[in-house]
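I have a structure here, written as structure tokens, and I will follow up with some questions on it.
Letters A, B, C, D and E name the chains as they come in the text, with residue numbers starting at 1 for each one.
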Amino acid sequence: MNEFLTLMKSELVLTGIIFLLLFIKIGKGMKNESLLSLIQLLLLLNFIFSFFFNKEGNLFGDMFYTTPLIAFQKSILNLGVYLISLLCSDWLKKTQHLPEFFLLMLSALLGMFLMISSGNLLIFYLSLELATIPVAAMANFDLERKRSSEGAMKMILSSAFSSGILLFGISLIYGSTGSISLPAISQLLNGSPLQILAFVFVFTAFAFKLSIVPFHLWTADVYEGSPIAVTSFLSVISKGAVAFIFITVLYKVFTPMLEIWYWMIVILAIATMVIGNLFALRQQNIKRFLAFSSIAQVGFILVGISNADYLGIASVVYFVLIYVFSNLAAFGVAAVIAEKTGKENIDDYKGLYKTNPFLTWIMALALFSLAGIPPTAGFFGKLFLLTAGGARAEYWFILVAALNMIISLYYYLRVVRAMFMDKNDNPVEPVKTAPVVKMALIICGGGIVLVGLLSWIFEYIKTLQY
Amino acid sequence: MTIEPGLYHLLFISTALFFIGVYGFFTRRNLITMLMSIELILNSVNLNFIAFDKYLWPGKMDGLFFTVFIIAIAAAEAAVAIAIIINLYRSHQSIDVENAEDLKY
Amino acid sequence: MPNATIIALIPLLPLAGFLLLGLFGRKYLKTSSGIIGTALLLTSTILALYTAYEYFFVYGKVNGIYQQLTPLKITWLEFSKGVSIDMGLMIDPISVMMLVVVTLVSLMVHIYSIGYMKGEERFSTYYAFLGLFTFSMLGLVLSTNIFQIYIFWELVGVSSFLLIGYYYNKPSAVAASKKAFIVTRFADLGFLIGILILSYCSGTLDFATLIQRLTSPESNEFKTAVTYSFLGASALTWGAALVFIGGAGKSAMFPLHIWLPDAMEGPTPVSALIHAATMVVAGVYLVARLFPVFAITTPAVLEIIGWVGAISAIIAAVIACTQTDIKRVLAYSTMSQIGYMMFALGVAKYGAEPALGYTASMFHLFTHAMFKALLFLGAGAVIHYVHSNEMNDMGGLRKYMPITHITFLIACLAIAGVPPFAGFFSKEEILLAAYQDNMAIYWIALITSGITAFYMFRLYFTIFWNKPHHAHGEKHGEGGFVMMLPLVILGIGAAAAGFIPFGEFVSSDGRPLESHFHLQFSILPVALGLAGILLAMWLYYKQNDKPAKLASSLGGLYKAAYHKFYIDEIYLFVTKKILFNLVGRPAAWFDRNVVDGFINLTGNTTQAVSEGIKKVQSGKVQQYAIYFLGGVIVLAVLFIYIWK
Amino acid sequence: MNLLLLIGAPLLTALAVLLSRNKQQVKWISLAGSAVQLALAFALLFAFRQERAAGNNAQMLFEQHYKLFESLNINFHFGVDGISVAMILLTSFVVIAGVLVSWNVEKMTKEFYFLLLLLGLGAYGFFISLDLFILFFFLEISVIPKYLLIGIWGSGKKEYSANKLALMLMGGSALILVGMLGLYFTTGYSFDIMTLSKANIPAATQNLLFPLLFVGFGVFTALFPLHTWVPDGHSSAPTAGSMFLAGISMKLGGYGCLRVATYLLPEGAKEYANIIIVLSAIAILYGAFATMMQKDLKYINAYSSVSHVGFSLLGIGMLTQTAITGALMQMVSHGVMTALFFAVIGMVYDRTHTRMVAEMGGLMKMMPFIATVFFIVGLCSLGLPGFSGFVAEMTVFMGSWQNDDAFHRIATIAAAMSIVVTAVYILRATGKTMMGPVVNAEHLQLGDAKWNEKLAAIILVAGIVAIGIAPGWLNDLLKPAAEEIMNRIAGK
Amino acid sequence: MMSGSTILFYLLAALTLGCGILSVSTRQIFRAAIYLLFSLIGIAGIYFWLQYEFIAAVQIVVYAGGIAVLIIFSIFLTQQAGEKLPKQKIGRKIFSALAVFCAFALTMVQVYQHEFSKIITDAAPATVRNIGEKMLSTEQGGYALPFEVISMLLLAAMVGCIVIALRSKPETK
């Protein structure tokens, strides 16, 4: 019992919070502001708590397992959710369904936790759905906006389709190996064509969730349609979680198919980077822009994943950590501006520096980090991904990735240019940022600068037991 | 292939059903019918699991449980999807998927 | 033994003047600049004379041979072992002779300029530049190292540039200064490559070592050097020829002479100093410095030198006859005389009697410095008085400027080779040397000497006679004492320098060379000279229309000569039409449109592709699903069937 | 001497600038900070010479090791040899001059100085790094400040230029990155230059990686035909920006080409030497000819930079000790010289508000000081003895000539021909702008340089002259280091 | 010779597939729903035929009783019961059919080529008791955790549906 409490503590705490919210909702007892503060506090405590009592072990047979690295991954996700709760507080305060929103978001987070910890295809599938269905509902949270519904519709239908394919793949794997337990499967795989086919089916489901080209098409539409809080959750938290489990599945389960998935990842990484970048070039809406940029970032993550070694894991986890800060900072600024002025286009950001220097600097830092420019952490993150990806001495692959960084720099600089250089007769008026939001932005900014320079963070990730 | 129905027959049915569903998903312009296609897809998977459970790994019951849970998930998914579709219908006055394309490029 | 400090001070004092006046002259020393500069140079001159005395009469001669001494040598920049640029002082007959010439003429110009340049706004700058020039020139003559000479060579060039462009707001002066610099720079390119070749062949940059290695056929360097060849000539030949190109450029040899006449845009004393007496003979000096290499190792190049000198001499003389700007006449005369010096070297051999040309060349250099500086300073006085360079504006000035008149006449006689003036002796020696070696050159030289006498006296008569006395209003037109003193001193020099037994001191191998005078040999040149003078007198003594008639009767030749044989135009064509329009413009265009265009094209292509594929993101969820299934099929087929 | 001071000083200055309250404070803090940097650079020079004089013949002096990413074997490894010392000295000169000439930047002063100092920081860090990763880090650090400096404070098509510069430099970095990782993996996970220099890298790998690294760094140093960011970038940048770009940034590339590409991959260098020579000879001549046709002073200097920097690449391609020494000298010389040139152009522009040669004339009359400096830098540019350019170019020529086949000779002669073309364009520019009659009557009211401009100019002129008059000290610094590099190339 | 059970199997298969095809091809939305229902019942029949009564029961309860009704209700809600569905573009149809057929062929080929490790024709049916015990077991092979997860999922889905559906009266708070 004690083991149950410690090993599943992240999930249990989350469930606790979810039920608390449910009771509050039923009791109708709190105003939005105070409820939000309470939630933020709870999430902070949850984040802090996630660093303690981390042990390694299995539960429910082999359905659930956890390791220090998994615990750390959960901490990253906790942090991300906490930051989102801070950054989007302007929007959250106004929303009619605050407890429901968090209930859904935390359910999804719970799903992700379980997914990362899953040792079994069934639990994996269920938690994947748990991490998806509530988010689709969340995507529709701007109830009055048609685009919000449209995005949600696209998300739920596409993900249902992709989970259909995933399930078919799982069924074939089950058929050919006779097991749905991940450790067992890795023993039983023999690389027969049917298994390859099944693997492709399973792989595409991951690809869909991670928005790998050509399974990415839903991403931009959903991101643009959803409220920014949901977009940032989708692009940061759910991407991160899927990346973590993706690595685990590839490295631990499909080890016999290493050659196949290596090349698959190489091909898809290139396609993802190129397509993501090319689409991002033209975007006007900041959310859509960040959507394509995050697709391109996933391409880089794939470069790291291709490593199939511990370095790959460490670099991906590290990158996701940095990505949490960078992307959330960008979304945070976008959220503040969108909430106060309703402006979401890059052209609206022209001359932003004149009126909102703080927001501009944070945005610029975030974009530089996404572009991988030192001294921001993104530089280190990207470099380690490429380092990991280069281990097989396929230099052309690294070269393609590195060249893609140029394109990405171009469009990130487009925003920077709009903010700093372009003249605008009608710039965004000075926005008063709430202290909480400011704090969150500063945390993000600090993270962007420090995570790279404080090398022990990476070293710590590398020491964590996998 | 024997005339006696066996695993391969079931797999044929399930795969066919799967791709019938996929075809429906691709071609039906009504969101609700697309959802129906999804149901076909999920059912075909269920059939797969049961078939494998029956013919290959009868003692384990993994496939059986998988099926049970998929049915539950299908219900939940359908519920949320229908809620979203209805919401979309309210603002769109249409559930033709071709009309829901404000978000693009 | 030579005192290194004293010798080093000779160039360094003018440098100090440059720095002092350049940095503080404008503000603090505006009026006293002339005095300061002159005082410093006077010291230098005294030191130079002292050094010359000491060298020639006290320590220079060992066993009857004048030694090459290097009292000071500092490694300035070491490239690799044994190959380094050294800064040093080299004392040998020609460098000491040049020290005297340079300091003396420079001193004269300094003194003269106090009067001539009085009241100029950039008076101190002028003296600063003079100091820089003197320093560079002295450094050049004292060089121990071929790279050192190149360094000072360039510095001399830039000083010349600065002084020609002294009147910086006059477009013609600016153009002339640029032209001078660029043309000599072009020649210096040859010099530089020549240095590279020679230094590579010899494995050193040091003059003494270089000459020693390249003239002794048994040295290893020599043996390897002759094995290299390029376009049929040995590397050494190429090197020597290229070095000569450098010399030819600075000495305004045909066809690199075009800058010299234009350089007369500078103040007249500057022309006297740089473009008559000192800098322009640097080319001669350079050839003399490397004479053993030319004479022993690459006689073919020496022959070229002879021909280039001879052609330059006659062409310049012919052009000089037609020019009307007095300074241009003098400029072409300078070119012609340097041609003499050049071919004198060209017809010489190394060592003993056959090396007469060498001694003669140096001798002529010496005497020419005196009388040509005198001519320029005299012309300067005239210009100062008339405020014009044009001969037509002058005439009958002998009453107004008697001292100028007399000294100018002496100089004219000297250059015309009338005994017993200085030019006679040096020119006779040159003609003799040519006669002994190359008859063709001898005849060219002979004719040139006649033409020389003609145009010099054309000048003389036009300025001082020709028109009636009362053409000019003012009574007394000569500058003050400071302007007359140099004229007188140089006049004495021009008259008497010929009596110096030059062969005693300067010869190709350091051994004294007997000077012979062959009276019967001298008759022809002197007679030709006198004929030229008489012709000039006949034409220009009084104002008349004979010159115009003569000019029209000569027709095309006159016109060609008047237009300097259209060489400038050829250059203009090459630079403007070919370099600018056919190379520069296309290069600039290519860069902006092709190279940069390519870079931009990659950017634009990316944008275009991005625009082209946007339809994929159609907003239709069913299409997304089709792509999804397509991806699945492609991946599956790829990895099931193809990849293995 | 603790090398961290060299990074610490600019970092602290930059932070102090960020915290300062008004423009005056910003300026004075920056000036003080850059003066400290200059002092430190000199201290380093003396300390270095002292160590060497004391017989310390280690290749790198003042080495420092700090672990950074231990598991990836990435360390802060610092150390200097003569090359680094010279480059650091150059940087400190340019930084202080850049700070001085920017004195009247009124728009976002604080940000301007902050970025300027950041740029300097990148350069210092780059030159002392002995770990490729850290080197790359510092190299990259300077890209964005450049972008912002041009984009915000620039003129003309500034956004276009800034973008082009940032993207092309990023492209260069991309190549470097790949080459660097290649080295990392082939040598058993090390980024350390000292370790890599002892590693035995197969020739095939070297031939693969060398072009990546060389071209990558080449982009930074305007390797033909990847130089097109230079004219646009330089001409659009604010004065100090151009100074930094041409004076420091381009040197980062040259240093990288030598220290990383050539030194670590000698076989690759030999393999590609001829291509490098051809490209740099083309750049030298072609740049010179292209310069001849420019009408804008900044374009003139930018194109002439392409030409001049070609000499340093030529020197590297020649692969002789003297040529490499010359290449390094050219880097230092060109750095100071071109910074000065841009500074002067900036001064002229501040007064006349035009950079078009045709719109100026006779400026010497109104601004004798500026005109004199213009002359000096022009003369330096055309390689007049007494100034640094001469020394460097001659060393390159001498070194190039040591290769005794026709190919190298012809390349050398071609390169040498540029000195004539250089004279043509420099004299044209000077003749037109400084000399001649005054073209625009309004210019008659213009004043001469102010104290800050004078000081900046004097500092840089001092640099040029110090090398030009007494090149020995620089030679002493660079030659042993070049020898070290040659030893590796020769396989000793 | 075909036994009765074989014939039954083929009938069920035909029902399932036939109704499935009709369900995705008819242009009457209401009929499509009915065909879907029959197809699902056909599958339930196959489950029965395979002696998986529990699953068959669940299938009928959840699908026929739940999802199909839900779908029919939503059809009514969107007021389209009588209308004909809009026509899909013929190009899309052909292309989809082609893609789907390729994928189907590919999959079938792989399935038929695969040697499944062992084929047991008759297996012991899973009794409801077994299922129930396993469902709540936390030991190896127990399904308590998925059970909990799905309960969370259903809760979340329910909340989500409620929120989205609540839109009609936005001024509740």
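One rule holds for everything that comes next: contacts are C-beta pairs under 8 Å (C-beta built on N, C-alpha and C of every residue); 3 or more make two chains touch, one makes a residue touch a chain.
None of these values were measured; they are calculated from a predicted model.
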item: Taking each chain's C-alpha mean as its centre, the one farthest from chain A; value: C
item: Geometric centre: closest chain by C-alpha means; value: D
item: Distance-maximising chain from chain E - centres being C-alpha averages; value: C
item: Distance from chain D to chain A - Cα centre to Cα centre, in angstrom; value: 42
item: Whole-Å gap separating chain C and chain E, where each centre is the average of the chain's CA atoms; value: 102
item: Whole-Å gap between the CA centroids of chain C and chain D; value: 36
item: Centroid distance [mean C-alpha coordinates] between chain D and chain B, Å; value: 65
item: Sites on chain A at which at least two other chains make contact; value: 122, 126, 129, 133, 136-137, 140, 143-144, 153-154, 157, 161, 172, 175, 178, 193, 197, 220-221, 282, 410
item: Where chain B touches two or more other chains, by residue; value: 18, 21-22, 25-27, 34-35, 51, 56, 60, 65, 69, 73, 76-77, 80, 83-85, 87, 98, 100-105
item: Where chain D touches two or more other chains at once, by residue number; value: 167
item: Complete list of chain pairs which touch one another; value: A-B, A-C, A-D, A-E, B-C, B-E, C-D, C-E
item: Complex contact set, residues of chain C against chain B; value: 614-615, 617-622, 625-626, 629
item: Of all residues in chain D, those that touch chain C in their complex; value: 164, 167-168, 224-229, 231-232, 286, 289-290, 292-294, 303, 321-322, 325, 362, 364-365, 368, 379, 382-386, 390-391, 394-395, 397-399, 401-402, 404, 406, 412-413, 416-417, 419-420, 423-424, 427-428, 431, 434-438, 470-472, 475, 479
item: Complex interface listing, chain E residues touching chain B; value: 2-3, 5-6, 9-10, 13, 16-17, 20-21, 23-25, 29, 32-33, 36, 39-40, 43, 46-47, 50-52, 54-55, 58-59, 62-63, 66-67, 70-71, 74-75, 77-78, 80, 85-88, 92-93, 96-97, 99-101, 103-104, 107-108, 111-112, 116-121, 123-124, 126, 130-131, 134-135, 141, 143, 146, 150, 153-154, 157-158, 160-161, 164-165, 167-168
item: Chain C - residues contacting chain D, complex; value: 26, 75-80, 83, 85, 147, 150-152, 154-155, 158, 165, 168-169, 171, 174-175, 177-178, 181-182, 185-186, 188-189, 192-193, 196-197, 199-200, 228, 230, 579-580, 583-585, 587-588, 590-591, 595-596, 598-599, 603
item: Of chain E, residues touching chain A in the complex; value: 106-107, 110-111, 113-117, 138-146, 149-150, 152-153, 155-157, 159-164, 166-167, 170, 172-173
